[in-house]
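Two complexes come next, and they have one chain in common, chain A, joined by chain B in the first and chain C in the second.
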Partner chain A sequence: MKTNKEKAKEISKKAKEKQKSVLESLKNHGAKIYEDLENGRFPKFSIPSRSVGNIVYDKKLRQYILGNSNALRSAKNSAQLRSFTQLMWLAFFANRLTQEKKSSTLRDVYYSSQAFAIEFEDQSESDNIIVDLEAVTSRPREDFHIFPEERSSIFGDLNIEYTIPGYEGKKMNLSNHPDGYSIGPSLTTAELVDTSAEIVIAIEKGGLFTRFVEEQIDKKFKSIIINTGGQAPRSTRTLLKRLHDELGLPVIILTDGDVYGEHIAMVIKSGSANAAHLRELTVPDAKWVGVWATDIEKYKLPTIPMTESDIKRCYDLQKDPRYESGIWKKELEVFLRLKRKAELEAFAKYGLTNITDKYLPQKLELAKSL
Partner chain B sequence: MSSIKEKFNQISPSEFFYSNRDLAGFSNPTRSLYTAVREFVENALDACDQKGILPDVHLTIKAVDPDKPDPKPYILTVKDNGPGVDAKHIPLAFGTVLYGSKFGLKQARGMFGLGATMAILYGQITTNKPVIVKSSVDAKIQNQFEILLDIQKNKPIIVKHTEKEVAKKGLSVSICLEGDYSKAGNKIRDYVYETSLITPYATITFDDPKGQKFHHPRFVKDIPPPPTIIRPHPHGIDVERIRRMIVESQFEIPTIDDIMIEKVRKDLGLSKQSLSFTAIMAKAKKKWKNLSRQVRVVIALLSFLKMDFEKLSKIRIEDLDVPNKKLHYWDFGDSQSKTVDMDPESQYFKQLTNTVQGEPLTTFLTKRFQRIGPTTAVKFAEFAGFKPEKRMGTFTNQELVNLSDSLQKFDDFMAPDSSCLAPLGEEPLEKGIKKFFNPDFVAVVQRPASAYSGFPFIVEMGIAYGGDIKSGGPHVYRYANRIPLLYDEGSDVVLKVVNDTDWGRYKVKGDPPFIIVSHICSTRIPYKTAGKENVADRQEIERELRLGLQFLSRKLAAFMSKRGQAEMAKKRANLYAKYIPMIAEFCTELAGKKKQPNYKKILDELEPIETKPETKTVEEEKPIENK
Partner chain C sequence: MKTNKEKAKEISKKAKEKQKSVLESLKNHGAKIYEDLENGRFPKFSIPSRSVGNIVYDKKLRQYILGNSNALRSAKNSAQLRSFTQLMWLAFFANRLTQEKKSSTLRDVYYSSQAFAIEFEDQSESDNIIVDLEAVTSRPREDFHIFPEERSSIFGDLNIEYTIPGYEGKKMNLSNHPDGYSIGPSLTTAELVDTSAEIVIAIEKGGLFTRFVEEQIDKKFKSIIINTGGQAPRSTRTLLKRLHDELGLPVIILTDGDVYGEHIAMVIKSGSANAAHLRELTVPDAKWVGVWATDIEKYKLPTIPMTESDIKRCYDLQKDPRYESGIWKKELEVFLRLKRKAELEAFAKYGLTNITDKYLPQKLELAKSL
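Presenting the complex of A and B:
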């Protein structure tokens, strides 16, 4: 066993190495542009195309990735000059953030640009440039200390050690606060030290997350509970991946019994088209255990009719290669047959703890066979 | 029967217009004030134009009682420096409807001077005040009249007549009428403003009832040549006009049948008597003054035939050969053609020469129409299928219809003589547009003369873009015979042509700041209504407008594309100048350098990069079709 001191040193060394490689990458790109300008050339670089046509599902990696098509962005093209400059500024800004170890949200970035007379029409424009930087460097924005506004949370017996400046080496157990801990930059980048848990349960909804904590699901089922707050944010998906990869914990996903719930599970498992340029956000082994369309019938859950957009979404997903087989295919078909959906809360019809007492154990058992 | 006749006589022209004043634009106090202004100002400008005097027109509108709410009585005075009206004509010219000097085939702002009398009439019926006319034709004596109209009799009533010594020529007309300046003011100011644009050689001043002065001094010193009165163009003629032209020139030889002979007998007072030739001639000489033209002709023929009525009824006149002084006739009794000589000294010979069958077709064409030479006349006769020497008097009704049709269809006539028209001219029009709008771009065109239904017309147009022009265009300034048309623009042919134009095709987009000036000159403008505010969409006029507008639009497109390229190049240069230094700044820190890269080189190189696409676009520009 390593001592705590040694561990802290190791952690700090790891973080420093990552920082160094991020900075190196930024410097290389900057140097190339510098050289172009110095030699009287209009700077340009190639950027993987993120258009729909260039996003393919990689069955081996079990996630969406970008194809081989690249776009050339040049400062000579007056139509690209503005976005070229925006991207250069962002690299410059990310460089400072990383060097100074300061974190920033997407919204911070949007407003920070104004200090440099860089114009963004709105935040979605600056968000888009951030994704460009990710694509160019093949690194998630978290590596540049840019994080989304946090909205998901975690609870369970998990010891972590912070790596962020001022907290390096500081430890925390994530079962100390009954409301759970919000998954922000410090948690996403923290060292995962040890845990007694044997499984991670990701739940779509905050209400159920609280119920699970109250019912001590963490203890009863030796689990870490994560509230994804709907579609899981990238920091949450990063953390899920790390829990799975670093601690060897299986991940199971509980969602509402509708087509969107099914897709929330799929994004955790195999990524979103929006982040196809990144490879560190997916948990291909994660298991979706419900609420399935077939559960609606099996458990005789109270339902609400599907809307037209629900139905359209079903048909859209049927065209997705990931939904071509297995339960993914089957459940979509049942949704389309029923034309009805059910929420996790629907189990309350049988009593408030029915979901934790009856449904969850059955599903955990089932997960082992999936 | 007799009562109907009496009633018919009672309706005088002024009576008719009194009860139909809406037709002439006197429908309400707002419109009436505006129309009255127009009529007097236009008369003043016309008077000066005809005599080649640079007009100086002063318009004043004053409220009789400024504190009263509108509508209320106003005194409208228009003063000019024109030739004035002779004292003896003043009562009739200003106190009768349908009296004036504007009859004839040439362009003038108004027709017949009707509108001014209408205004006077309207003033009188709304305020019961006389019109005050002051006129000096010699710059020495000014005649001053106060006149009321006797509407029923269409006759002037002179209330007062005085004379005064003056130093200036000119006419001043002043009427009191009910008007609504608060509503009509905008239109009147627009009218004065727009009139001064199309009459750049005139100085127009307007003192409005609120004490404001609008002064538009002339900015062109040359007055365009005055129009001349011309003969009609063959394309503008109909059967009725031809018939009248023939009648104007000669009379037919009457057919001498029993009815005719009976008429002659009756007119000579010989109902049953059978007189000898000599007795008949003596009787005719006595009664000559009371004889009709037809009877006189028969007597004249008789004088050479030397026959009595008995004999006369047995012959038929074949030909009256005036050049050879011979009269050919067919004698039924002898069944042979006979000839008698005519004495050219005889007074009866003269009677007959005046009455011959008229000019040959070719002479008729060359003499009575504009711009037809003998060669064209012969060619036309062949085209129409008539002998060139066929005399006009011998045309039957059907032949006249054929002649009229052929005149319309024959394409080899020269274009109508436009000397009867007075377009402003390209140069003054351009000067006016530049002065009024200070535009970035201006183009004007005067189309060659054309004709619709035989009335010659000329279209002049101008386009201006940018400068002081307000956005939201095209704003269309419509003129007809130098009159601005301000009402009813919706249904006007000019608006139709403008609205039909796809401006995007001429690189005019969005809310463009541009104006179109359209001036139609014609001996007769085909107004849609008696209010004279919109021009009907005659095919020929529409075509000329379209061609004129297309010509100008192409010029505008060239300007727009040049301007667009210049703007684009400037914009791009600015873009590089703004962003490249930023890129340099950011990459310097990223690369960990101390000194910024020398990016000036590429900024300097931008120049040739900019010009390349510009020349390319110019080459790419394709001429837009003419039709």
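Presenting the complex of A and C:
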């Protein structure tokens, strides 16, 4: 068995290796630019095309991926000179962030560019170039220390060990603060050491998260509970993937019983089309267990009528290949038939703990066969 | 000196006393209803009027308060019968939540009513009745275990002791998880035991919160750092007030340099007109230290043009008595002159740590004289 010291060493080694590989990838791209210049060629980047025509759904990977078409961004083409320079600067800046291990946000990068007289029209232009760098390097921007600002939270018996500067080697168990631990850069980059949990329950709402903790769902069902706070931020999706892949935990998702809830679950499962160049943000084995449209009738839940935009959203999703079969297809159809939706809190009609006493155990049982 | 055991006993006693006083207050209102019925009178509630005409700004308390006018809600008046019954049911339900120490949300209460065939048209109707109960009892709904769903987070050397069931007497120090601890029911009701911090810094954005933790602002400036996540949720405002009142910590606020940021600070300081019946949500001594409109010029910050709605909002706030003097008035005027705004991240133009290395120390110094 490994001693704690050996383990800590291993974790720190792993973090260093990752940093090294990120820096090398950037260096290689830089070297090509130099090579072009030395050989009297205009420097260029080859960027996997992110245009709609090059985004295809991969049934094996169970997510959207980019096809084979590449766009050349060259200093030779004066129309591309601007975005070529922006991308080159960004690679330089990402290198610096990674070396200095400073965290930043999309917005920080936008403003930082101004110190270098690199012109971005607005933040959406710089955001776009950041996605280009992700596509060029096939790495999520978090590897370059560009983190989302949004926070969600986690609670449960999970031991982690931080890798961020100032906290390297420090351990934490995430079951002592019942309001939950925020999921930010330090948690997503931490080593997941071990857990007694056997499942991860991702839930859409803060109020329900509190209810689950209060009713000790973490203990009763040996689970880690995650509040996604609506659409799960990238950091939360990364953590869900890591809990699944590294600790072998199944992931189930509970959302409101409406088309947006269904899609929140789908994005955790298979990502989104505009992150088709990444593999770090999906949990293909994650299971949406409710609230289904069919649950509305089965559990006689209080409902709210669907709005015009809810209905339109259903029709839109029906064109998405991921909604072509299984519960995804069926539940959309039932939503469209009922034209009603139900919130997670609707179970409170039958008592505040009805959702944890009755609904959850049934869904956990069902999840085994999904 | 008190032993830990004695302290824990004291804390648990305090929590019990609070619960008792909440229950007594509800019981007294219930007793009046019974009394009316026994004496052959129609039962009624006297509710402090929350109409615009009865909301006045109190310069001494430095917040909005309700005037002396009361509305009678009586079972005699058939137009009031509905809301009278709703309020009576809510008092019954609040009694149950308080006794059972179950947490809930506004939405939970709305759905719970359906189990009792108490009719609410929609959630906004039940939300409104909940505010009525606050006004009748002069207590925030959190005292009845109705908590907000929103989450913000906190980080710093603060020792707390939980009072919620299942965690009673458990201690926690909030300086070990660098992504921050979520602020929910268990934190807002915890006993604030002690701290080595000398100031609380509330900051509007998650990205900056991470930067502040990363740059060890908690240690360098002996501070507790709070991410308000935009407009501070009620739980965060309650906690800020308690940190100020119970631990004697000054509170400073950093927001984006725009009219919404200025108002985020004002709401932390003096609450909002629709909570004029409460005293638990304001920190009158809290200081907004930036980003001021005047900072935009002083620090040569990159700016964004104000929108039409930003400008309209400035004019609206100029009619608010709280914006009649001091920096509140001055900064609104400068925003209107510049017609530009700046985000907290704008300091990144001068380096990612410019805000913590230069701006913050200057503002902390200045705060002493504000």
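Criterion: the second predicted complex is superposed on the first by the 367 of 370 C-alpha atoms of A that agree within 3 Å, B and C clash if a C-alpha of one lies under 4 Å from a C-alpha of the other, contacts with A are read in each partner's own complex, and residues count from 1 in each chain.
Convention: a contact is a pair of C-beta atoms (placed from the backbone, for glycine too) under 8 Å apart; a residue touches a chain by one contact, two chains touch by 3 or more.
If you're wondering where the values come from, they're calculated on a predicted model, not measured in any experiment.
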Note to self: If we overlay the two complexes on their shared chain A, which of chain B and chain C does A:91 touch? Say first, second, both or neither.
What the structure shows: first
Notebook entry, point to check: Does the superposition put A:248 against chain B (first), chain C (second), both, or neither?
Noted result: neither
Next item on the list: Pick one for A:53: touches chain B only (first), chain C only (second), both, or neither.
Entry: neither
Next item on the list: For A:75, select first, second, both or neither according to whether it touches chain B, chain C, the two together, or no partner.
Entry: first
Next item on the list: Quick one: name whichever of chain B and chain C touches more residues of chain A.
Entry: C
Next item on the list: Kindly list the residues of chain A that each of chain B and chain C touches, one partner per complex.
Entry: none
Check: In the complex of these two chains, what residues of chain C are touching chain A?
Finding: 102-105, 107-112, 114-115, 147, 149-151, 153, 162, 164-167, 170, 172, 176-187, 205-207, 210-211, 214, 216, 227, 229, 302, 343, 345-353
Notebook entry, point to check: In the complex formed with chain A, which residues of chain B make contact?
Noted result: 572, 575-576, 579-580, 582-593, 597-599, 601-602, 605, 609
Next item on the list: Flag every residue of chain A that touches chain B in the complex, lowest number first.
Entry: 26-27, 29-31, 33-35, 37-38, 40-43, 75-76, 78, 81-82, 84-85, 88-89, 91-92, 95, 116-118
